[in-house]
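Look for chain A in each of the two complexes below; its partner is chain B in the first and chain C in the second.
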Partner chain A sequence: MTAIILDGIVLGLQFGLLAAGLTLVYGLGGVLNLAYGQIAVLSAMAVLLTMDAGVPVFAAVGIGLVTGGLIGLIFDQTILRPIYRRQGEARVLLSLLLTLGVAFVVDGFLTWRYPFAGLSLQIGGGPIDLLGVPMRRGSIVGSVVILVVFGLLFAFFRGTTLGRAVRSVIEDEEGARLVGIDPSLMLRIILVFSGVLAAVVALTQSMIRPVTVTAGFSITVLALIVTVVGGLGSVSGAFLAGLILGVINTLATSYIGTFLSLIILLVAAAVTILIRPSGLLGVKE
Partner chain B sequence: MLEVQELAAGYQGNDVIHDISFRVDEGEAVMIIGSNGAGKTTLFRAMCGLSRPSAGTVAFEGDDVTGLPAQRIVRKGLGFVPAERHLFPRMTVHDNLSLGAYPKRPDPETMSVVFDLFPRLAERRRQHAGTLSGGEQQMLAVGRALMSQPSLLVLDEPTTGLAPKLAHEAYEALAVLRGQGLTLLVAEQQVPLAMAFSDRGYVLENGVISLEGTSEELAADPRVRSAYLGVT
Partner chain C sequence: MTERFADATGTSLVGGTERHAAQSLRALVIPVLAMGAVLALVPFWLGDSRVLMTVSILGLAFACYSIGFNLIFGSTGQLFLCVGALAGIGGYGAAIFADTVGLPVIVSILLATLASSLTGGLLSWIAVRRSLGVIFTGIVTLIFALAFQNLLLGLGDLTGGESGFLIESGADSFLTSRIPAFYLMLGLVLVFMVVHGLLRRSHVGWAFRALRDDEVAAELAGVHVARYRVYAALVGAGMLGMTGGLYALTQGRVSPTTYGFAEVDVVVIVMLAFGGIGSLFGPILGAVTFTAINELLVDLGHLRLVPYGALVIVLFLWIPRGVIPTIRDRLRQRRRQRS
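Then we have the complex of A and B:
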């Protein structure tokens, strides 16, 4: 039982991180980025290609993070421009269509160009004992990285003026403008963040299992589910929902079967929406 | 200090206000009175950059600020307190005030001026803004605008939703600010309160300015007396 819970927490941390990058962009800009998983995959490919070219792992990981951030910035400057000009429902719909289009193009290109590529970062050494359960080193390292990233995110949002300014736009965009905050600048910063988070997702996943070129959509779908449960725009909601769904998923997988795990997650999301339409810690109505 | 000329604005191409011209000089307290739906909010939103005016100009301290986004106008020293307040409900009173100084660090002296003016805010500084009463939220909205040390403070119906006693207190606080040399522009439906407080005023009716004068002149005008002061 302890082993299952621990596995669930490892998975849950991954889930939480997945959702964090998606939920911030939605909370701030009303943009649902369906190409989020593809940003993760592109970052993974950047790491893979630079490693193949003989660059040391740590430098390659750095390049992966920069790639994610750059793609976020490029999104902000290109396909999100026409989206920002729309308001409300039109904005959400246009963002769905345009980012989905980008996702297909990226997926198509990658499967054509690198059909068999997959990134796996091997963390050497034997299992580590945790509460009497031998855990894979990759899981432990990945989880620690995710916890550190969440710690940095919370420190940024609670402890810095810029972080509070970003939150203020999520809470009340007009109020933010009235204190002199430029919402589009905050959004640009958050898109870069979101891209870097997607890269971290890919990197930590690749410590456990290979991240293949086709992993994009399943990353996006999982991120969407966790985002909905956690509440749009809430990083702490993403963290909490990730942990809960991770444990539920592992329990379901080991007691019922793998075939049901995605269905169980969808049911959990549906139940959450029925009980709390704004998610566990949602900001918006 | 503020000069609005022939301003027109509205929603989706339909102008609600037309040909609005008025001015506010340094050190003055000016009111714009009008009933619900007269166009006060439309006027202030267009003036402060929350919506685009369809015609006319707005000049603030000699600069043309027409059509600039609100965040840039605010940084020039024009503080705006909207009727709906637009606070950050899930942040503390302290954080709301700190953000008022954005992008600068909050000035502790200004913060203590705000707390002197509204001691209730000091008591509740660790509380979330969303848990405050209506009167306290209004105080916080004014306090947040003051944190940027504006040279002109524009308030849209500062007494909305307040009980008569609290409405009085709100104007007492504004009078204190005036005494400290702040220039004020207030839109108000509760005309007696605004009239006792201001030097001059404009009457906004159906989107146009129908009357202007000193507060005494307006208070003596038979139309104002019957329409806004309840005197026949």
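Then we have the complex of A and C:
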């Protein structure tokens, strides 16, 4: 039982991190980025290619993170410009369609150029004992990285002026503008963050199983579901929803079987949305 | 024209609307038939190639899907991201009723259509009861679509799992030869268009427009918003299911990818957004255009997605409301300038 819960937590942390990058951009800009998974895959490919070129792993990982951030910046400067000019549902819909177009372009190019590529970061060494359960070293390292990233995110949002400025834009864009905060600058920062988070998703996932070129779409869909369950725009909601769904998933897998576990996960997500349409920790509109 | 009638007395006003209705029925059927006549020429042009005819039949199926989705999303603003799943209920339903249960083909298709329609209605009812917004309706229906895909894979004994299964019923009939199948699907497109057009012209259409433009105002004016949403979903999902069922029989096989999210929903959204959400001819324009583009780029393999995606981006930046509404507005503007 402990082993199952621990596995669930490892998976849940992954889920939570997936959702964090998506939920921030939605909360701040009302933009639903359907190319989010593709940013993760592009970063993974950047790491893979630099590693193949003989660059040491740590430098390659750094390049992957920078790639993610850069793509976020490029998104903000190009494809999102016309989207920002719209309001409300028209904005969500246009962002959905345009980023879907970007996702097609990236997916098409990558599967054509590198059809069989996949990144897997091997963490050497045997299993580590945790509460009497031998855990794979990759899972532990990945989870620690995710916890550190979440810690940094929380520290940023609660402890720094910049983080508080970002939060003020999430709560009330017009009000933030009145006290002298530039919402578009905050958006740019958050898009870079979101890109880096997508890169971290790819890196930590590759410690447990390979991240393939075709993974983009499934990453986006999973992130979307966790995001909505957690509450759009809420990082702590994403964290909580990720953990809950992760534990539900592993419990269902071990007691009921893999085939029904995804359905149970989906039903759990649907039920949460129906009971609390604003998500676990979302703000009521 | 309407202004002149507004000036007239009450009785002539009523007479005017009646005449207007008769004219608009003709104004609906004639363009639909004209378009049907043009599309009916396709087999004379491509009829020799089995491959191209199969592509054309798929294109018509997508036109039908787009009409069904247009009715649900374009008319009443419910973002159903389970077009493929609802069509799949029709497809797998028809196949299972006909082959496994052994019912006649027509009965199977009707039963499967009913199942799909009721599922759509149920989803809509849930969304209405919980007053979910566009995005949340989208997510819940997306979750339904993913669960449906997973069920198809999991219930392998019934559905044939990953590889799907060959439908034996109707395998020797006219359904599996290409040209009759083409005309069958074309007939379906025309019937759906007329149904959609008639709905738009009836009081249902007025209610749809009212609740799409301003839900609160519509509710205050006495439009039963919830009921009309569910109506639209029942009819639209029925269309999706019937198309899925007929398409499955013309192909003689069903597989999960026939009704996948990326294979159906994404394509339908792109087609409809290109043609014009909410317009009558938009779905057909979108389906024909993107089927042709897809076929022209087929030699590129996976790389085909690149120009396809780039086109999607350019089109939505340039004409975010779709081709047909944009053209209609331009024409109207020019007419106004002239008068």
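Side notes on the structure shown:
Definition applied: the second predicted complex is superposed on the first by the 284 of 285 C-alpha atoms of A that agree within 3 Å, B and C clash if a C-alpha of one lies under 4 Å from a C-alpha of the other, contacts with A are read in each partner's own complex, and residues count from 1 in each chain.
Here is the rule we go by: a contact is a pair of C-beta atoms (placed from the backbone, for glycine too) under 8 Å apart; a residue touches a chain by one contact, two chains touch by 3 or more.
Keep in mind it's a predicted model, so treat the numbers as computed, not measured.
Shared-chain residue A:Glu171: touches chain B; no touch with chain C.
With both structures placed on the common chain, the touch criterion links A:Met186 to neither chain B nor chain C.
Once chain A of one complex is fitted onto chain A of the other, the partner contacts of A:Ile208 are absent, as it touches neither chain B nor chain C.
Which of chain B and chain C touches more residues of chain A is settled by the count: it is C.
When both complexes are overlaid on chain A, the residue A:Leu197 reaches neither chain B nor chain C. Once the two complexes are overlaid on the shared chain, A:Ile71 sits clear of chain B and of chain C alike. After overlaying the two complexes on the shared chain, residue contacts for A:Ile39 are found with neither chain B nor chain C. By the touch criterion stated above, chain A contacts chain C in their complex at residues 32, 79, 82, 89, 92-94, 97-98, 100-109, 111-112, 115, 217, 221, 224-225, 228, 232, 259-260, 262-263, 266-267, 269-270, 273-274, 277, 285.
By the touch criterion stated above, chain A contacts chain B in their complex at residues 161, 164-165, 167-168, 171-172, 174-183, 283. Residues 48-50, 69-72, 74-75, 80, 82, 85-91, 95, 98-103, 105, 144-145, 147-148 of chain B are the ones that touch chain A when the two sit in their complex. Residues of chain C that touch chain A in their complex: 126, 130-136, 139-140, 142-144, 146-147, 150-151, 153-154, 262, 266, 269-270, 273, 300-306, 308-313, 316-317, 320.
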